[in-house]
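Okay, so chain A shows up in both of these, paired with chain B first and chain C after.
Let's turn to the complex of A and B:
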């Protein structure tokens, strides 16, 4: 579904942050990008989403080259849903307005139906549908951001550190929601995460970046069991 | 007393549409476009020229408003977008320079003499003891209608929702499939059209000259800041407060205080009222009288 081939990227006149990354993410799978701060995880996600234009290499979605498309064009033409790490809601707008903004490319007849289905799925949002998004907790904002992306029936969902700043309980709820989305929608989910252990538990495959290169890659279960991975990113022995 | 209300409403009318336009542009572009005050004068001059060419007032006003909208979009694409890429202060200074250039162009083409519409002079109406002309009533009606249409656009249409989303969070708007550049272009055009209409309304009640744009700048800027830059409907309230202050300064009889029958401040002091309010707002309510993060457009 997503193919990244030899992508090099950076900001302004600065050095390359990504040094020729290759990555594949298939439909119906959760693929996680892991790595320490500054390794280029978010830059890679922004390249795929269309916020950063690669200096070299290709990004393809469902076989079509989308390297130079802008973010809003990818949303419309390739069904990309993007959930940023911070500032992930329109704070001055209501919960309903936030979700419905994502439904602009959905047929009118279907909008209400999908909206109600999402509120049933996320009761925390249903109770606050007329509140301003600024009044929501961090976890509720993350769910709202997911709902806004999901109402558009995305074929690809890009998540930038969905657990950032959340309490352990809320983090667990968000990862559960992501897992349910894969099971229900069967879409391709590409996620950047710092919480390697939790992320690997719901992922199918993972890529570990280091200084702009892919240092490790493979099935999530294999990486969870990998001694090098454990000592570098999982804080020693992983709990079972 | 009712005359005071009428005078405040008429002055607020002069400032409101331009202040709303300035605030709307700021909310999306993140710089106060000073040239908007000149777009008001440009609209008035163009409408006068078209009327002199034989078009009736309404069509000439509509054509003038549309031309100003197109000019604003072109200036935005050619100049302001590039300046904004450098920084918002660069764009603001650039808009001041553009404003001066437009003023110089008026001087060359139209000359220093004031220009007026060719309108029939009518006897003022008496409403609750206050005097108001038909053209003034018309200007109040047009302003109220324009603000209502703008509010409906902002809160009830897809474009309005895209405008508010882009103003709140540009990156997220892009990630939601909104073409933020197109949305900003639409706001630039709408704001310029509002300013041009504002200029035409001012001229319906009097005249326009090459200084009109610069004279409007301070009170309009004060109204926009008072309403909270980036909160277009707050600018409506800001314009009313500025109009009230200006009208008070020029309408209050200081005679009894000074032991004389009649002592009024000259009309030129009205601008000082805007200045004082601007300074006080910047000191105590730098984000405006009505604004909170939640209300920001």
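Let's turn to the complex of A and C:
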């Protein structure tokens, strides 16, 4: 579904932040990108989404080269849904308006139906459907941003640290929502995460970045059991 | 006194157009343009060049439209990846470049002397009736501009502008093309500013580079900040308020027996003080933005 080949990227005239990344993510799978702060996880996601143009290498979606397409073009042509790390809702608009903004390219009849279905799935949002997004908690904003991406029926979902800053309870809820999406919609989910342990539990495969290179990759279950991985990123002996 | 009042009202209408145009960029699109006066200059020189080369009124409009479209397009395009504050500085620089070109290309633009003797809008009238005719034209054009702005900001396109202002990256994620929004906003508002410049040139019958100093841009900024960013009526009100205050400063000076420099100094104090005061104590201006928009677009 998504293939990244030898992607190099950076900002402005600055140095390369990504030094030739290779990555594959298939439909119906959750692929997680792990790694320490500042190693280029968000940059990689922005390259795939189309906000940052790779300096070299290729990005393909469903077999088509999309390396130089802009973000808004990928939304329509390849069904990309992107949930950024910060600033992921329109704060002056209501919950309903935020979700409906995602439905710009969905047929009118289907819109309402999907909207109601999403509210049933996320009762936290249903209760606050007429509130402004600025009045939501961090976790509710994540759900709102997720709902806004989902109403568009994406084929590819890109999530940047969906659990950042959430309480453990809310974090579970968000991760649960994500694995439910895979089960229900069978779409390709690529997410960046800091909470490696919890993220690996719902993922199929994972990539660990380090200073712009892929340092480790493999099946999520293998990485969970990997002693090197345990000591480096999972904080020694993991809970559970 | 009556003639003076008409003159003030005409200037109010022209500045209202400039304020409406800037408010569309800043208040709705979040485009921090500090080069607004260059767009005014496009309209003014459209009129002046058509007069100088004897091309007629209609060609003047065409030149004004062409120049303003080109300059707006350049504004939208410069540093397309710059953040909004840096983009603002670039627009200021670009407006200065336009003014310097106009000053130095004397063979075309009349240089620092400018171009004078431009025909009035209603040459067959004279005296007071001509002034009233001018006011009627200005009022009508302002009304059209106001209605066009209101219509635009209520449309899907207007919603796109607001989304771009709030969260540009997120706006792209829901499928808006930021570059085309930016370009469209600049070109549309450029036409309104150019219309003000075009009418101004025919009204004053003189155009020169001194009318394009950046201090004029800051005056327009003060109008929209005081009136209320993101509110069309606020922009018009701010323009009327400042123009009326400026018009009556000379009378205050005479009444209090103050020196002539008082007038110019007071203008600057009012612009600077007004900007700072409202930014510090009343961000929303006198007329706050009406929030909430249609989100089904």
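Everything that follows uses one rule, which is that the second predicted complex is superposed on the first by the 240 of 240 C-alpha atoms of A that agree within 3 Å, B and C clash if a C-alpha of one lies under 4 Å from a C-alpha of the other, contacts with A are read in each partner's own complex, and residues count from 1 in each chain.
The rule is short, and it goes like this: a residue touches a chain if its C-beta (ideal position, glycine included) is under 8 Å from a C-beta of that chain, and two chains touch if they have at least 3 such contacts.
Computed from a predicted structure; not experimentally measured.
Asks: Between chain B and chain C, point out the one touching more chain A residues.
Replies: C
Asks: Is A:148 in contact with chain B, with chain C, with both, or with neither (first, second, both, neither)?
Replies: In the superposition, A:148 touches chain B and chain C alike.
Asks: Which holds for A:134: it touches chain B only (first), chain C only (second), both, or neither?
Replies: First partner only.
Asks: Answer with first, second, both or neither: which of chain B and chain C does A:96 touch in the superposed model?
Replies: second
Asks: Contact-wise, after the overlay, does A:12 reach chain B, chain C, both or neither (first, second, both, neither)?
Replies: A:12 sits against chain C, while chain B stays out of touch.
Asks: For A:76, decide between first (touching chain B), second (touching chain C), both and neither.
Replies: A:76 contacts both chain B and chain C.
Asks: Of the residues on chain A, which ones does chain B touch that chain C also touches?
Replies: 49, 51, 70-72, 75-76, 82-84, 87-93, 97, 100-102, 104-105, 148, 152
Asks: Any idea which chain A residues touch chain C in the complex?
Replies: Listed in rising order, the residues of chain A that touch chain C are 12, 49-51, 70-73, 75-76, 81-84, 87-94, 96-98, 100-102, 104-105, 111, 148-149, 152.
Asks: Show which residues of chain C lie in contact with chain A when the two form their complex.
Replies: 81, 163, 166-167, 169-170, 172-178, 291-293, 295-297
Asks: State the interface residues of chain A toward chain B in the complex, per the touch definition above.
Replies: It is residues 49, 51, 70-72, 75-76, 82-84, 87-93, 97, 100-102, 104-105, 132, 134, 148, 152 of chain A that touch chain B.
Asks: Taking the complex as given, what residues does chain B use to touch chain A?
Replies: Against chain A, the touching part of chain B is residues 158, 161, 164-165, 167-169, 171-180, 293-297.
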